[in-house]
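Which chain is which? They are A, B, C, D and E, in the order written, and residues in each are numbered from 1.
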């Protein structure tokens, strides 16, 4: 029961599930023992899908083929096929699948370890004939008011692109649609442009998260100004944490993209470079927006606190005025309530009205004093 | 009605319209779906004019011609004309207009996307035969006490300059006047000098915004010191936000101008470079002023809070002194107001005056104690 | 007794033992006099083991031999043996042992001084034919809720690796096991890969500390929200200190590893370089996590404070409402408790009920006023 | 009258004059319209002298001549004279004077604009055959307790040096004296050494301002500790602002001097370079001192606030103790002041002494309780 | 007397002597007029010894000679002697002495000015055949609980080393002892190694200051937690200032040493370079420790403040509970103390016990309400 009570005080955002999430985003590789052979494939993090699902899209300017495959072995031919192939894997807990792919395509053991070990920082690593990119995919979970984070790993080869996600559901459907319908440039360009298009979609989706956080900030702020309860405060605090977590995911993404733009990696054609510069610009904007939102949320908290201080001051003034006026008067009337035999002033008829007038004068003096002190 | 009440507490600066503005400045591309083909022209932001209006100024040292055109096709000849042409477009929602211009003049799709997609960061991008500049145009909206922000895009070619604004009304009239009247250097120099002159006007206009914010800070600060209400506090908080938003617009502008100065872009002649260095200096000053204003506003808030704390302390002292003196006395007179049969002290004639003296002594002792504690 | 009382207020985390630890981590070389000959071997810090214990693991792809030796002289042949030798020394107070080793293997006097002088910063120093690495080994001491820190010194030669620890017990057992069982790459690679494997284990163990701190933060935060006592506050404060101490240990470690990656030291083969890059990435993650945890702990403290302020405000309101309603009423009834002879209103029969009604009206007015002020 | 009242609360430092100054230091070029031709000479800022006064000092190792001239045309010959000439102009509002000089000596229009447009940042600009230096001259205005800021512009040619100040009165008299009396190196060296000597005097004068601020900080701090009024707080706040304004002037000065040292401008001989390095060192010290003073002032404010909090806590304790002891007792005596017919305890003779004892016991218990809680 | 009172409130650490010291460390060159010829030798700061004392140590691997000299002229031969000579001067007010030395050994006028003008920042300046080093010597003054700072200037020539201190007493005795007894390397190496040995002693002595500050922090922290008085707070504040002053001295020292290591000055042999790298490491540790101590002290202040807030909240709750329970009851008994003729309830026998029961119920209800609100 005390548990339930606490829940009442602690809104959803700070319940145990939430904590697991926040702390999970801080601490990497829970299950992996220190000292394990590097390159040991251990899936860390929560398994988010029941079954790993592998699909591919194979296309060149003139054709598209698309299918879900049962075994990744079906993707082996893409290594040397002249078409552009995009293989997407949803679910990371079948480490064997990743190992088979990695061994066929010649990926470094650490690369494979990073694919299955979630909570990596965003990064770009260049290998001899492929490029490894890790990006965070963010989504606003409106039910729990928190940022949902998933790791997207991309291995970009000369004519193929592998993407690994923690679960089904992503922001790539418009890109898939463009491939299917041959809209835009994506069909006529190589795997590098496809990789760019996916990065662009990932970065763009951050703006939706920012918008949701912005809306929530606005709502909480109005709530804070309207009533002085603790609930809005606690939720604003939770939002601040979401921004900490988001910031932690976003900064490395920006740096990784800056590295891609700067290094002019061989994997990207000069035409695609121009577009990468654009993605990088957007990532910079996301970072700036997170910082601004942090400022805005901090400002709201500060405003609330200073309003609290001001209100306490006002409340105190009312109390002090009331007490200062009536406590002395109560003392005075107490005097004449005493039962001493010898109290001559009780016997004269004009004593009572005189006392009433004196007390009125005293009260008036007090009011005048408080007005002078600008308390009234 | 509760809505109206809240409005009373929340001054204009934090009403919904305001929020939409602040948040809008934080989050880019509301309407654009993640995953859309890059280079898709989608107008984002609020449409601020009814009708797009296109005007041009074509001049060389010996002549000037000026007109409003119905169709942008009328501007196509400027591509190869030997005179300097400045085409200004007010309103961005007719994306088709931008596309036609872009295709004729050979602009990159991402450049065109940036022109119509407002809320870009200030930036400078160099293309083969043209330079793309995005700058924020700031204006102080005295009615709502907020910074009004508009995106200015400039495409600088060899002999032409295109400017795109979100609405009519800008700070360029003095420049136009100088062209018409052949005052200053602008008529005798190329499009690059014209671009510089416009940048200079944009940066200069920031000083007017700063001045308005400075004046408002001053007014609010006096209000804060004079009365202890919450209204000035909330408005100061709103001003802090305006500074956050302004800072966000100004920093990238400074960096973009630094890049122009540093890179010695081919588009600018060495003579114009000297002037660009000057504009950059001014941008640095704007940035510094924003930082200083942030410090000043924060200082005002801190001062207010510490004055509140001091005042609460004073109020508490008054209350404590009053209560500590009179509550014990009231207790004492209460004792002799009791109706016990056997209270021998009530019967002797000197009891009453003695008690009065004793109470006076008690009160005097209290006053002495509080004086010693420096509370009085 | 007063001592005991204070202890009650100050939880374990801030007791004298704790202080010695925190301050010990701040101040280096307590016992060493300024001005001593540099390179003088003086063991500083607390002696943590009774007896120095020296063990070695000597292996090549085809064999492993392992033993504990009584005298370090038994390790002298490893200097020129073609196998890879890993000598581990637990306990640093026998400075003579280190000197004999150093003289045989040709180590610089300052290197030897650093091995026995604990509380060094993490660092990497390159000498002609060996590399000196100092890293902190962190462990969460759940009993005292603090981070336990130990200095690990490594001297990496061409075919040998010496490790010096302050006490027995480390995170290297999995590595030892891999050597014994010839699992992974470690048997087939050189001493440099072994050094990498140990560094990896050290950095990985930091994540366990972070997880422990994360769990504790969470527990203290729930405690803070549930009750308003000072105990959770003081413990959160102690945790903040642990993070300061941890941060101090971790930042130099990151920089040292960055230096290894950047300098491409001759001691490491290019194959091992790839792995070092991975360790460096992990160190960066540790640093980021410490920063995030600092933000989280600070946020919790701030939230607590603002909740305190809000609660004080609420308490004040209740007091003010009660006092403002009843103090004037008490004054009024006091008036009619006075014993003046001439108080005509006491004599009329309707005076009493009228007064009761008037007082009810007064109280009602007060309630209405406080409701309007939103205090009730 | 309310105006006068407010003045009482707001010390001199925050009155309108002060505000104009602070804000004026933040906002540049009040009167200049955005869009004016660059290089338009417009005097901004307040005119501080009635009449522009032009003086020169012309010297070589063997002679000195000194005069005040009516027209700047008298200085034209200095352009090609073999002696070193220092022309000083006090007052900037006669823009025509600057234009004539500039045209004769071949200065860039922007340079001239910067001379007459005050509130420039400190900067160094290199032109083909002259160097343009802008430095702030600071002075402590003891009457208004604020930092007085003036712009010093220097144009350093091969054999001439022009200095422009906003008003008469400067820190250069010792330098003038050294020239007249041929003391030191200044007579035997070129114009560059003279420029250095002036810069040195400007930077040195900052130390006097710092000393004044330090003294004032000390005085205000003692005042803060001695009494708890708001006056010292407000003045400390005003001092904080002065430090913000000073910092804003000083940082660019340091950077400008660093640029001179780093660039090894052609205008300075290697012998003078050594001296410039010294000036730069002093500027760094000024910057550091400003930062330290900011820390000191902030610390004083923090200390005051925490003392206020502690005092409020103490005041509250006294109030609570008094109220908790006497309010229940007053209630008890109130009971026996009631006039019920049937109150048997009023009739027994031992009731009164028993009640007195019981009340003493109650009060004693309260005192014991508060002692246990360490409130007394 | 009011002076004495204030002294009671302001502990030793903030008395006028202290202020002179803190401010003196902020402001340089009190007595020197701006505009004086650079290189003018003016002793600034407080004269700390009565008489300047000059001693020398002259040694080579095979001999040592040591003496105190009356006139510095006795040191002139060291310029060309083949032995290593270390001349130490205690006291700086005889500027003539420094001038004579400087002229003989060919030092730059600015170098000499820096020797006698104390409060220089730590720095390293390279001249043609000598190196000038300024370092702060710190010492903990346990009596006044403050950091005592003295300027050490070193001029390192090829075979000689001059050191200038403000007063007698330093941390170099162990070095002197090593020279006399031919222990360690110092006798067999050149003047550069001697300079290193002194720098090492200076940096090492900082750790003792840090230890003292650490101990004091600990003591004050325990005091803060044990009682809530202002004394510990004020002293902690004073300690914070000491850390500001120390930080200001230490950062430039670190930078100066970094410069020595980086520049590989010609004055130092490669063998000594290795040792300099070690000194620099220690300086970095000192800087880090100062930062950590600042964090620790700030944390202690924050903890104290939050405990104050919590305690105030508790005190308020007690007051509110007492007042809320007894003030209404007192009102009720007041009603029946009134002397109206017509108060029928006074006449019935069961009125009194009923009222007592009703009041008990009211009090019980209050207690229940406060328990529900978790105030009790």
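As a convention for this text, a contact is a pair of C-beta atoms (placed from the backbone, for glycine too) under 8 Å apart; a residue touches a chain by one contact, two chains touch by 3 or more.
Please read these numbers as outputs of a predicted model, since none were measured by experiment.
Engineer: Any chains in contact with both chain A and chain D?
Structural biologist: B
Engineer: As a multiple of 5 degrees, what angle does the CA superposition of chain C onto its copy chain D give?
Structural biologist: Rotation angle, to the nearest 5: 145 degrees.
Engineer: Measure off the straight-line distance from the CA centroid of chain C to the CA centroid of chain E, and report it in whole Å.
Structural biologist: Each chain's C-alpha centroid was found; their separation is 26 Å.
Engineer: Can you work out the whole-Å distance between the CA centroids of chain A and chain E?
Structural biologist: 41
Engineer: Enumerate the residues of chain A that touch no fewer than two other chains.
Structural biologist: Correct list: 309, 311-312, 316, 319, 323, 327, 330, 334, 337-339, 343.
Engineer: Going round the ring from chain B toward chain D, what is the chain order?
Structural biologist: Sequence of chains in the ring starting at chain B, next chain D: B, D, E, C, A.
Engineer: Considering only the defined contacts, which chain B positions touch chain A in the complex?
Structural biologist: Counting only chain B, the residues touching chain A are 6, 9-10, 14, 19, 22-23, 26-30, 32-40, 108, 110, 121, 123, 125, 227-230, 233-234, 237, 240-241, 244-245, 248, 301, 304-305, 308-309, 311-312, 315-316, 318-319, 322-323, 326-327, 329-330, 333-334, 336-339, 343, 346-352, 355-356.
Engineer: Which residues of chain D touch chain E in their complex?
Structural biologist: Contacts found on chain D: 171-175, 178, 183-186, 196-197, 200-202, 204-205, 207-208, 210-211, 214-215, 217-218, 221-222, 225-226, 274-275, 277-278, 281-282, 284-285, 288-289, 292-293, 295-296, 299, 302-303, 306-307, 309-314, 316-317, 319-320, 323-324, 327-328, 330-331, 334-335, 337-343, 374-375.
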